[in-house]
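As written, the chains take the letters A, B and C, and residue 1 is the first residue of each chain.
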Amino acid sequence: MTTNDHAHHEGESYFDGPPGILAKVWQWMSTVDHKKIGVMYLVAVLFMFFLGGVSALAVRFELLDPVRTVETLNEAGELVQHTTGQRLAPLIDIMSAQNANEVYNRIFTLHGALMVFMFIIPSIPASLGNFFLPIMLGAKDVAFPRLNLLSWYIYVIGCLFGVLSILMGGVDTGWTFYTPYSTTTDADHWRVILMILAAFILGFSSILTGMNFVVTVHKLRAPGMGWFDMPLFIWGIYATAVIQVLATPVVGITLLLLIFERVMHIGIFDPSMGGDPVLYQHFFWFYSHPVVYVMILPGMAIISEVISVHSRKHIFGYRAIAFSSLGIAGVSFLVWGHHIFTAMGELAAVLFSGLTFLVAIPTAIKVFNWIATLYKGSIAINTPMLYALVFLFTFSIGGLTGLPLATLATDIHLHDTYYVVAHFHYTMMGGTVMAFMAGLHHWWPKMFGKMYNEKTAMLGCIIVFLGFNLTFFTQFFLGTQGMPRRYANYVDEFQTLHIISTYGSWLLLLGFLIHLGTFIASLVAGEKAPANPWGGLTLEWETESPPIEHNFHHEPVVTHGPYDFETTVPPHWDPKDFPLPENPSSH
Amino acid sequence: MTNHDTTNHEPHAHGHPVVSWQIQLGVLLVLLFFTFTTVLFYNAENWIETAFQIHLPWWVNVIGAMSIATVKAILVCMFFMGLKYDKALNTFAMLFCLFCVALFLGFSMIDLDTRDRVDTWKKGEIVLGGTGKGLNTPSIDPAFDSTLSPTINTKGLSIVEFNRQQKIEQKGSEKAYWKYHYKKHPDHRHPADTNNYFATLGYDHQINLPDANKAVPRTGLTPGLFHATDPTTDPTTDPTAQADQDANASTKAKSDDTGKDHES
Amino acid sequence: MQTTLDADTTPAPAHIANHPTHWRNRGFAAHWRTRDDDFDASKFGMWLFLTTEVLLFAGIFCAYAVFRMLYPEAWANGSHHLDWRFGALNTVVLLISSWTAASAVRCAQLNKQKWLKINLIITLICAAAFLFIKFKFEYIPKLSEGKGPGAFFTYAFAEDPYEVLWWSLYYMGTGLHALHVVIGASLLGWVLYRSWKYQAYGPSEYLMVENSALYWHLVDLVWIFLFPLLYLIH
């Protein structure tokens, strides 16, 4: 392969490039450097997060009050009725929808599709994973750098298809495209088909990234780095990549069959032709359940790193965490039916319920190991650690609230209520997004060579934490009391909790805006970051901040484990600043 | 930048294995033979059925054809694709993938095959294809409350009805009870409100607007997933015709204010 | 057993031998330590991609299995409309093409450039023959009789109400497979072109041939399963 680095000599960071704005743009557009691709993905996923967040704010805005029919007297003294509470009604004409409910349906579908397909699935692997997987392994790049660039462009094209569908008004099927609605709605075919195609194309990006990562971990480790010398971040990304490779093709064929069902009416999901709409759900969830583990495993991988470095303590139970990552990936393929309990036959439901309980075990192992790592550690209070602690709290709630959903009897009542919404937001947002924030702050100095303002970042973290819990904890109660999900309207008794939830969403917005401000200020005027601000022991902390084009000046040789804080002075640290204990406990 | 082999011990001591042309041709002939076999098997099945008038069970065809196909696939994988001479990792990747395929097909088929199955110990409460109760039938059914708590004697009433009577006594009168109820659930008349306090108390003036709260009920069974007979309380409806009609029908707004029981 | 070390060492004609694309002159990507690492990793990557293709077709096989279980008569009736002789002929064609593809890899490994090209050409001819048989003797006659997928099913004499499902899955399965035949043939065509023009592949540089042949074998594997499932139901 050829890189365009002939112009500059070693020692310059990967950010530096040829002079001239056009040359720089071309360099970034044609780069095969995993770091640049990671940064491009980072900007894109954060932008998608913002768009998905705006649609979430719109959803919560509509839910501030239920739709009420009010009788009033008009000027002529006649009794007239009008409808209040349809806060999204002004959008009816813009979206050429039929009524405010349809506007609401399109907006929550937008929120789901954007957040799931365009933000959270690529989020950590494509941005932080792309950037740090090769560096942590001691490699110059991923296994297939050109494929990496192709992945990026496929992602961009997929997002464009999605945006095109949105600009044409969007779809109202929900991000899950359940049949028979998704195959019969919208006589004007293109919106639904475009959105489905967007998801299909994004799947290819996911597959290629996954393939790249699996081969990289197998083949590009530095000399001296065996499987059990790798940082746990790698184990998490590896398990994620395995799921991406195996599960994503199934959603590919599912979406393809869905398109043909719409266009040609092939009949496999249509009961009047003998088909089964629930078969679509089996096909869909065979991918979409493993994909939620694609979402959380990289987050867990980050937490392993952040907790260990910021408590300056060897991770507790390295092998347990490593194997539990693989265990979660494996068991994730066995449990997809728990999304379909209320539509399945009994025998299958019982089988899936039992299997679903299994997946809690490796997850819990990880949580206990992280807590044990914190115990008697030298805990630094900074933004990454704060976010890691937030993660432990919110993800545990998310995980535990999955158990009533896995239990058949209680799931009958909780299925398709706000309880489910709260559960998956606690795991996806309270899990992945919090871990993503932790990782971003942990690795920001390395990626961009600038420190960020710790105080404003911690303030942002606290506000995000408060806003998140206000928004979603109330939704557990809404769900157990019977508020269904995806409904724009509801009975009066739910209003108080909905109002609290909406106010929480505004707090969340404030928190993330503070973070955005902190990051921009850091890029513009942040102090220069040292090579190893936190005292980490993994290979990325041996490079400069930001790293040079080929990551390392010489191929690194691994001489210590990634978490040997008791026996090793971190790279670039003065031993005076890092006193080692005299009697290190053995691990 | 590309690397070129800089040291002069490239190619190194062991080159890549090359499958001999004899093995490749041999494998082709074996594959062609198995193709011939599977077609022969199919024709033999047909001949046996017509000549001896016996109906072979379905699994004979499936297991016969799939075994031969599997053998052919293994030969292609091992010799044409070179897995026999290759690193074990590649074989493991393909085997794990096939395991996932087996999971996918297996569990999906378990669900689709047993969709209508009702376990024997639930037969009293659940009826195949649904109990046939529509929205108009009252949901208070003593059969559902047949096992009473040992500490409460409900004198033959269902536990739901018993609790309602207790509350009526507590409130003083039936009207006071329904006033208390409709304050919280004003949208529709409760099925147990037989004296129509809904109207008396003035809650029935609302216009029913179609909104997201009211799901359109669909009745009927998907053919193939459920057996034909469906015991319903309304003998005039034919469930299978209903299924064919409803399946692709567009949403029809049905205003139905003797709606579901909202007590929860 | 033979290895690539036993390759034919005859030098190429002068006008090709000095071209940077000739297999003797090509390097390997800079981030790999050795050429073998590059080769093994790329082959593993290809196997991972093949697993994704298997899982893609798994969706079709799952739908097939589910509906065969639910509507066995429809499946038997539908299968009787297919002529197993064309299916068997297509199977033979694909098996032969698989053999020539594997043979092409072998020729690249042993630097038999002429036979490499001949094997690739035969593989492409078989691919074309497969598609020709499929379209001329199967798709077009069936479609003109009204045996089409889904909304295009206008056959008046279907004996089973769910036969349209059979035809939908038949077209989806064989159509997706035909698309993969086209993709595989394009890959092999590209290999043939580069081989013809530059002698780009040889004992130390045959990865592209290997990976394209692997893809082609996968196409053959899918057909090995599609054939009995579609044509040989009694």
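We adopt the following convention: a residue touches a chain if its C-beta (ideal position, glycine included) is under 8 Å from a C-beta of that chain, and two chains touch if they have at least 3 such contacts.
Treat the numbers as computed from the prediction; the structure is a model and nothing was measured.
Asks: Which chain is most remote from chain A in terms of Cα centres?
Replies: C
Asks: Using CA atom means as chain centres, which chain is nearest the centre of all the protein shown?
Replies: Of the chains present, the most centrally placed is A.
Asks: What whole-Å value do you get for the distance between chain A and chain C if each is reduced to the mean of its CA atoms?
Replies: The separation of the two C-alpha centroids amounts to 36 Å.
Asks: I'd like to verify one number: the distance from the centre of chain A to the centre of chain B, where each centre is the average of its C-alpha atoms, in whole angstrom.
Replies: The answer is 29 Å.
Asks: Among the residues of chain C, which ones contact at least 2 other chains?
Replies: Residues 29-30, 32, 40, 44, 48, 51, 54-55, 58, 62, 66, 70-71, 161-162 of chain C touch two or more partner chains.
Asks: Return the residues of chain A touching two or more other chains; collapse runs of consecutive numbers into ranges.
Replies: As it turns out, chain A has residues touching two or more other chains at 1, 3, 218, 246, 250, 274-276, 279, 282-283.
Asks: Two-or-more-chain contact residues of chain B, please, as numbers and ranges.
Replies: Those would be 1-2, 89, 96-97, 100, 104, 108, 112-113, 223-225.
Asks: Taking the touch rule as given, give the residues of chain B at its contact with chain C in the complex, in rising order.
Replies: Interface residues on chain B, with respect to chain C: 1-5, 10-12, 14-21, 24-25, 27-28, 31-32, 35, 38-39, 41-42, 45-46, 49, 56, 58, 61, 65-66, 68-69, 72-73, 76-77, 79-82, 85-87, 89-90, 93-94, 96-98, 100-101, 104-105, 108-109, 112-113, 223-225.
Asks: Could you list, by residue number, the parts of chain A that touch chain B in their complex?
Replies: The touching residues are 1-3, 67, 69, 81, 83, 101, 104, 180, 184, 218, 246, 250, 270-272, 274-276, 278-279, 282-283, 286, 333-334, 336-337, 340, 344-348, 351-352, 481-482, 486-491, 493.
Asks: Can you check the complex and tell me which residues of chain C touch chain A?
Replies: Contacts found on chain C: 29-32, 37, 40-42, 44-45, 48-49, 51-60, 62-63, 66-67, 70-71, 74, 149-152, 161-162, 164-165, 168-169, 171-172, 176.
Asks: Please give the residue numbers of chain C that touch chain B in the complex, ascending.
Replies: 1-7, 26-30, 32, 35-36, 39-40, 43-44, 47-48, 50-51, 54-55, 58, 61-62, 65-66, 69-72, 84, 88, 91-92, 95-96, 98-99, 101-103, 105-106, 109-110, 161-162, 203-204, 213-214, 217, 220-221, 224-225, 227-229, 231-234
Asks: For the complex, give me every residue of chain B touching chain A.
Replies: Answer in residue numbers: 1-2, 89, 96-97, 100, 103-104, 107-108, 110-119, 184-185, 187, 206-207, 209, 211-213, 222-225, 243-244, 247-248, 250, 262, 264.
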